[in-house]
Amino acid sequence: MVDLSVDLGFLKLKNPVLAASGTFGYGLEFKPFYNLELLGGFVVKGLYFNPREGNKPPRLVETPSGLINSIGLQGIGVEAFCREILPQLADLDTAVIANVCGEDEDEYARVAEYLSRHNGLAALELNISCPNVREGGRCPAQNPEATYRTVKKVKQVTSIPVITKLSPNVTDITSVARAAEEAGSQAISLINTILALAVDPETRRPKLGNVMGGLSGPAIKPVALRMVFQVSRAVKVPVIGMGGITSATDVVEFMITGAAAVQVGTANFVDPDACLRIIQGLEDWARSHGVERISELTGSLKI
Amino acid sequence: MVDLSVDLGFLKLKNPVLAASGTFGYGLEFKPFYNLELLGGFVVKGLYFNPREGNKPPRLVETPSGLINSIGLQGIGVEAFCREILPQLADLDTAVIANVCGEDEDEYARVAEYLSRHNGLAALELNISCPNVREGGRCPAQNPEATYRTVKKVKQVTSIPVITKLSPNVTDITSVARAAEEAGSQAISLINTILALAVDPETRRPKLGNVMGGLSGPAIKPVALRMVFQVSRAVKVPVIGMGGITSATDVVEFMITGAAAVQVGTANFVDPDACLRIIQGLEDWARSHGVERISELTGSLKI
Amino acid sequence: MSSEIYNMVIDRNARLVKVENSGDYFLFTFESPEISRLARPGQFLMVKVSTGVQPLLRRPISIHNAENSILQIFFQVAGEGTRLLSLKKPGDTLDLLGPLGTGFSIKPEFSGRLIFCVGGGRGIAPLYFLARKLNEAGATPVIFYGGRTAADVPLKTHLESAGLETLTSTDDGSLGFHGLVTSLVEKELAARKPAFLFACGPEAMMERLAEICQQKRIPGEFSLESIMGCGFGACWGCVRKIRRNGRTGYLKVCQEGPVFPLEQIVWQEDENG
Amino acid sequence: MSSEIYNMVIDRNARLVKVENSGDYFLFTFESPEISRLARPGQFLMVKVSTGVQPLLRRPISIHNAENSILQIFFQVAGEGTRLLSLKKPGDTLDLLGPLGTGFSIKPEFSGRLIFCVGGGRGIAPLYFLARKLNEAGATPVIFYGGRTAADVPLKTHLESAGLETLTSTDDGSLGFHGLVTSLVEKELAARKPAFLFACGPEAMMERLAEICQQKRIPGEFSLESIMGCGFGACWGCVRKIRRNGRTGYLKVCQEGPVFPLEQIVWQEDENG
């Protein structure tokens, strides 16, 4: 028997595989495909305080081995989430994580505070790294001070553990990670999407209604691994790695590189049961490689 | 007849297609495949003052639609280049551009100064953006001040036009581009490779001898286009775009987005005559789209 | 979440049993009993076109027919994904996700009534299944099938031999009515008026049809296309602006559509304007 | 730059005329007159395995034989690229770049002498062409062909029926000598000593052979593998540490090799140590 569980300190997961925010709806969308309780957990779609329209379509464009999206966090807002969705998720025996968004530092705190009044959330993931909402793709995670302030404000209003999600669109990801850690973030998750552009040569227009968008999928895996490598050596809190994971060996690579757990994003679109397949694959991999506890992999990279 | 020529101000090119540094050897390697004079031009492999060993192998790893390299600028040094190679290139009726490297700001100036004593170079491209030589992938192009200083020093010792090549591994590429422009750079080229990591799950070792490397190829095209978009709106000097170009329509996309010319890198490895094919394809594209002068494309993106 | 969403299946072993081809167009016949059983006209599949990561996403393709455990799709090669799909051979197994989306409404009151089904180009794909079911429901479907040139209406005889009244048009007059399919519909409307109009095709065709329907007060449902990430409501990538219950907002084409009542559709030109 | 580098060609229309297969191993026969004419033993091709960008790079594959405008390669499926290659069918055209690299040295003084050619697994690939040419040069080649198990020595009869003396070994004893091919070479050396030894195979095999050759003072040339970006000297990606003319440095395997005199090779373990 392989022990797939991982312990993040503030949270014990059945297995290291979480579904990533924005690629797993509110979780319910995946119920037709498998029992959600088989997951390590899942992160729901980004939540602002109020409902949001999202960006103008087209919102998706494929690129070589990748996908650019500019959804722009269309969503129902935190009140409707707590009223309509959370009750359906709260009793699930898996880690349900909310993805907290904000137009400014105060909104992050307001959303976190509102969520904290409800039961059923294992953690809050602060999405300070979405490239799709502000002009020019800017976000708090591009600046250590803004990161520190945002995390600090949220920590003051919630007792739910906080994960801070970082942006790859930075010169030095370690300084942002350290700022989040100092402000009390109990884990770091990364990477969010890479700011990108696609152009239609026929119409001479951007292919996305919102001009720029965020690149995800296998194309970005080497960049994500590099950042997990850098961040896991810079902070003491656990790192949750993501970016282009489509298989169990991808998970093994992220864990070896330094991730305590992982998230699977774009792959959920291609195979609705991708997470399940990956968890099963991980168990097979561990067995065939004589690994008894999957958590042993974390940070085992030999340099 | 389509007019493929483009005018960079300091340099008129037959066509907008240059071969990118480090992917075209010293040019001579491609002579067996076609007449180099058909190119807009080419940039030779990065030159330090002294010969360099380069990094420990393995130096290459393929990733989805991409390639990570950590060549580490193995090369013959500027003296041998001027003695043995440049005389074979100097008479070519095409733009021959040297790629100038340095361990520190002074070395850039020394290399540029040495090159300036010789004939045959149409421009110097300052490679302040190689992720493969310093610890942790750092480079001057990650900092506007270091960029300014380096370009300035080089400008003081040479009368050959200077192109500054930027790194994508930054939070805000426009500030670096503006610093280079202010220091007198006559053009900006971008992007160099994205810092990346690949791990072998079996050996638990990095797949590259030098641990991290630079990601190139189609996988990075959307990121390159985004940065060309941002930089071409931030500076007045011409922008030379690159990153994942494999076809004539890729060139069209870069030009529409804001590039005055382009460079083709990794594609040269796959098809030794890639540049030639792309130039021919560009002419066909222009003809079938009623474009009489290819330079009209530059910056024609409709937002 | 609506309950029909639970009626979707991943069939990793849909066996391709027959490939018919005419120019750019392909008619594939699969054995896929579960999806076939669940399918209703207007629903679609998400088809995996590669075994690797390039192209990354599945491709949305309408269900052309579903009958006795077989499932048919009809598609046109439009790019790399459909090109890869077109290379599949009988005996290959494909990975299909479906049936997805809401489908066309076949209402009891259609019985004994005339129904127009208008398809442009590859938009004909879902109309065969629809017309067949309309027939079964006692209605009288008439198919309008337009294309640029004769090569773009390859399903003509296929439709006719199924006993469906099929009026064709080509922009260049090489087959059937000379002109746009919308003009053919207008011409026909002078003679007979349907109780309902279904349509699937290029945006411009459907926008024009919507005008015609509004003028003549013909109710209808149109099947829309949009670029899809998942096909089952998880990505919010496929939205279109829809006017529903007095509110205008972005609704998911994959889940709330692809079929929408024509009066709910906000045409893209208006949206950009 | 050496002059032989000009003797390379991109053949975009190399027609695959025959596919022979045994387990993981494939023997492909192409019609590729120009490359065939230029090819010498030990040289290799860069083979395009996909039409898209995934996998991005060509794959280096040795020339197994070149004769009368035909060109053969022998390869083992090792990953995605060779898997895609293995799916090609007779009649398909492939895009080949070659011949590349320096090749084995067939010296006049080999005439009348005994030459050992040692191949492990897929490393057998270049040795058939080599042995054939050694024969033509009047030498007496003996092929040593080792694999893990009988399934890994599929070319045995192919070699024998070409009249080449072939000694086989398998790690599990399922065919030929029971043990490593290096042990078989040692055993044979007790009986007869060759004038030269050529080798191609796994690193560990070649390193052990190098020791044996040095002990017994047998000169030799070994064909090395390394991950290649371009195959023609443009990327500096394929380097190995080589000791040549008293200097040790990184030389390009694609251009200065893949064949190196055994005394020049710095083995990777030493390099890491």
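Which chain is which? They are A, B, C and D, in the order written, and residues in each are numbered from 1.
Just so it is clear, contacts are C-beta pairs under 8 Å (C-beta built on N, C-alpha and C of every residue); 3 or more make two chains touch, one makes a residue touch a chain.
The model shown is predicted, which means the values in this text are computed figures rather than measured ones.
Looking at the partners of chain B and chain C together, the chains they share are A, D. The chain with its C-alpha centre at the largest distance from the centre of chain A is D. With centres set at the average Cα position, the gap from chain B to chain D is 36 Å. Centroid to centroid, with C-alpha atoms defining each point, chain A and chain D lie 47 Å apart.
Chain A and chain B have CA centres that are 34 Å apart.
The residues of chain C that reach two or more other chains are 53-54, listed in rising order.
Counting only residues that touch two or more partner chains, chain B has 64-66, 217-218. If you sketch which chains touch which, every chain touches every other chain without exception. For chain D in complex with chain C, the residues that touch the partner chain are 52-54, 80. The part of chain D that touches chain B in the complex is made up of residues 1, 5-6, 8, 10, 48, 53-58, 97, 226-230, 232-240, 249-250, 271.
Residues of chain A touching chain D in their complex: 64-65.
Residues 22-25, 28-33, 45, 53-54, 56-62, 64-67, 69, 71, 74, 217-218, 246, 266, 268-273 of chain B are the ones touching chain D in the complex.
Of all residues in chain B, only 63-66, 68, 136, 142-143, 169-172, 194-199, 201, 203-206, 211-212, 215, 217-223, 225-226, 229-230, 244, 249, 252-253, 256-257, 300-303 touch chain A in the complex they form.
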